[in-house]
């Protein structure tokens, strides 16, 4: 039995009231590629921040639990300490200086120095950097990775695909490195580049370096990993050697979640003889990090429709594209009318309202009162809540306040009053304000993105109940985008699974976990975790 | 109860608290040392009014998201140009002030529009650029003053062309607002009319901020992403805020000049925007938020300190310009303090 | 080959467009002004010796990502404080220079440290903060030297104080004490220097041409033509310098009595060498890394805040020394305003030399100071010649200084806005 190189035991981390990691375990052996799987928000990045001693952790009150390195407990309280111990990181976003050469980047802050008198007297800061030696070292490291890049090229002039390899070269050039973390390394690579990368990872592992491999791509995990650990909601689901499991099982572990009791609701009053509420034809939205690449679907009037999928697959872009917040191509029909040149105003005028996933950015005026937040959309779009005096206007505060009080009552917004600033509200109550604002437009179609992200269970339940109520009583068409599949399944009539920017399939809420798992991983269409569109 | 007081003090802010205490201390010293208390208080009141609009000009700029308007000197120069033209055309009495304000506002609106366009290209670096736009514009205006074809002898430089360094206003609108409805109580002159005029501008601004257009402008300033989701044009509203700020500055300098008795041209406006910025900051504004209340309080505290420190300083150290030094330290100190409070947007 | 060469020439012109524009402006201004060549030369020479040191002090903060350091006025104040006290001790001659440097250094280190601390709290707004800090420090400086001296702080030399015994006089003269304390160490007349400079320039041109001919890879015709034109211009200028001293009696007169401080030039050269050297060291490498990307530098274990503070300390110290060099050559000092224009002129000069908010080098500083002061020196005469009003020239040069800074800042801001937009993609 090998001894473990790294053991993280009983790790618990809270950000304020919010527990993001609960009694987490991670055990990594040398020579091992250890895949770390979980949806976004499952706690992977927090765990890695703890491992690296990132300042965010200390600043937010540290963590509970212990870290063993080579069987001995260690305190990792700064990135420098992590480096000294022998932990290296290949970042998701490139930690590179574009204005430096490849060699300078590889040797950043570990530059070889010439011996000199001044250096001896005043310390290494005044020693001359040995640029020739630096280039030689860099070349050697690049060679080890198997890359033929000129070490004198400026980083900014390098193709994106090569940057990853420079990062790896930098990490292995640190002579003491024993553990390397790869954070979604293949996300920006082409398939052939990804293959090369996986080969290098194997090679490094064979040399004795332990590797933690964070990815969303199950195909790659099955190809290269030795051991897999799955997280969900900040908790450990399971950890096992790769041989003892299958892709489908892993997928199920990642998304499976105890379902809350489904909401009681009658069969939707779907009107079949009228045009679709929303129809998309080959709809593609250019939203950075969440591109959709040609979505076609129809949402019937009076339906609650879900959009599901893993992070980065493009589900979020659809509602944003419909609202005109990001440029899109393809066709959009609302109530049978095609909308050309989509702008937010055009969509809002057609009685569509949107609750954004970016609550604190797009969603709220944090330094404004609840009533101002609720009223502003109607003031802008429908010119409600204002007195008109010829060309001049004044906001009708009394009407706005009355409406705000009604919404506070209806949605049970916990606050000191309608004049309270939204910055001081809890996440759940902030979300309710967003919903209230959307409803002040009196919409026929409501688009809601990530309605329950980061809010407590009570508020979650209430929000979902309210959405169902709107649908049942007012016949409102509701499109919910969410990463929480269980939640969608408890309220939606149909759920479209978005994978790789396209509709992988549309399932009824009652379909099995297994089926959902396969669709979410993009396995249903026969792709091995990748599809052709990505290679363009 | 105790908590409420502490909470209230916290909201008031330590910098503002210190300055308020300083203000009160000066007031007490003036009274105790009997340094012509009545005259000093009258002076404080006049200075409050004469600087008021210049400080008020910061509000639309901040609320539209352009930050503190260090370039309000552009508006100030426009106001001065309006004043010069009004006198050149021979207006007298109330008309001279009104026409000056109208001319000045038109120039300020045009310049503000152009400058607002520029600001839209350089989002995130507004303050530094604004400062140097202001400096460059003042020095450019110096050349304009020299070449302005003036025919009115009371404006012209004694020798050759160009406008005088200081244009006297005693024959036109000098002290017009100061004396308007002024009331004397116990030796203290209260410029009631001037205060009412300032209040009227507050009400106008307040009405605008409460209108639909005003609300939308504030949304664009506070949260561009939010504005985009409601199809509110961020760029257009920033220009609107800049124009308003410039127009207020233009009228503000005319108010200032009528109190002072002269139109001060050439390099005189160079650092005026800093004083307005400092005043609104002392009133509790930040680079992202400012209210009319901030202006009222800040202008009183800042200019009150300046007005009172002169007699106090003279009592402590005769024939000195300690007041000037207090002005430099207080105004720049509060600006640096405000700069350290900016949260970096990531 | 030819096309490639033309493209290269275009690229060069684009790269140096600011410099080329100001060269043309300087030449035009000189021609219009009708200033005698000897006077012109003398103006530039003395301005060069006085101001260059401080312009060179701007380079390190730019590279370390702090932008244009408007707080060098604080360094200048440290220099002035040192000079005031040195003179009050009755020290004269070269020792007074050394003592001033000695006193100013710890002061400047302290000030630089404090400024660096504040700038670390105002990341993203460094330039405006450094500027306002300069104004704030000016207030404190005035408070100390106008009020505390003579009341709270004892001061030995009554002749330097106001008549009432409080505060330092607003104008101080250093004749016979501190004046020329460095200049007199090693100087020559402009008359001799011009000859040496002319010959040196000719030799350089010849060496350059020989090397160009020896080069195996010949560059294209347009580049070669540009090279020849450049060489010819420099050669003509050099010959002009050499024969200038023969031109007129007046020229000889002016130039023979103007001290040309070789010692100050040596100091400037030493600082240039220091700047070159520091960027080869680990520390200088850290400056570059921090300047380009603080996040990456931090993750690689560089102490970003500390590095920035060191950059500010170095810049402040050099600014203090620069002010001492300047004052000893001028020989008089406006106690409360000598520092005020320092940052404006230095920053404008380095920008004219082709630097930007994120890039600066010795070359930019040296070239910039010559070009900027060439224009600055003659602009009153240009005003007189064009508008019969020297005041216009005065206004114009102030406008020029502010304007160039505005343009540089705006260009940088537009670029930054573009980049952050791209990064969001």
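By written order: A, B and C. Residues from 1 in each chain.
The rule is short, and it goes like this: a contact is a pair of C-beta atoms (placed from the backbone, for glycine too) under 8 Å apart; a residue touches a chain by one contact, two chains touch by 3 or more.
Here the structure is a predicted model, which is why all the values come from computation and not from measurement.
Peer 1: Touching chain A and chain B alike: which chains?
Peer 2: Common contact partners of chain A and chain B, which must touch each of the two, are C.
Peer 1: Which chain pair shares more contacting C-beta pairs: B-C, or A-C?
Peer 2: The greater number of contacts lies at B-C.
Peer 1: Quick check: how many Å separate the C-alpha centres of chain A and chain B?
Peer 2: The computed centroid separation for chain A versus chain B comes out at 47 Å.
Peer 1: Counting in whole Å, what is the centre-to-centre distance of chain B and chain C, each centre being its mean C-alpha position?
Peer 2: Whole-Å distance between the two chain centres: 35.
Peer 1: So, what's the distance in Å between the C-alpha centres of chain C and chain A?
Peer 2: 50
Peer 1: Spell out, as numbers or ranges, the residues of chain C touching 2 or more other chains.
Peer 2: As it turns out, chain C has no residue touching two or more other chains.
Peer 1: Spell out, as numbers or ranges, the residues of chain A touching 2 or more other chains.
Peer 2: none
Peer 1: Touching residues of chain C toward chain A in the complex: what are they?
Peer 2: Listed in rising order, the residues of chain C that touch chain A are 280-283, 285-286, 288-289, 292-293, 295-302, 424-425.
Peer 1: What does chain B use to touch chain C in their complex?
Peer 2: 70, 118, 121-125, 127-129, 131-133, 135-136, 139-140, 142-143, 146-147, 160, 274, 317-318, 320-322, 325, 328-329, 332-333, 335-336, 339-340, 342, 344
Peer 1: Hey, which residues of chain B end up touching chain A in the complex?
Peer 2: 207, 210-213, 215-216, 219, 222-223, 225-226, 228-232, 288-289
Peer 1: Show me the residue ranges of chain A that touch chain C in the complex, using the header's touch definition.
Peer 2: By the definition above, chain A touches chain C via 79-80, 83, 95-100, 104, 108-111, 113, 119, 124-129, 288.
Peer 1: Considering the complex alone, what residue numbers of chain C touch chain B?
Peer 2: The contact residues of chain C facing chain B are 118, 121-125, 127-129, 131-133, 135-136, 138-140, 142-143, 146-147, 151, 164, 166, 387, 389, 391-392, 395-396, 398-399, 402-403, 405-406, 409-410, 412-414, 416-417, 420.
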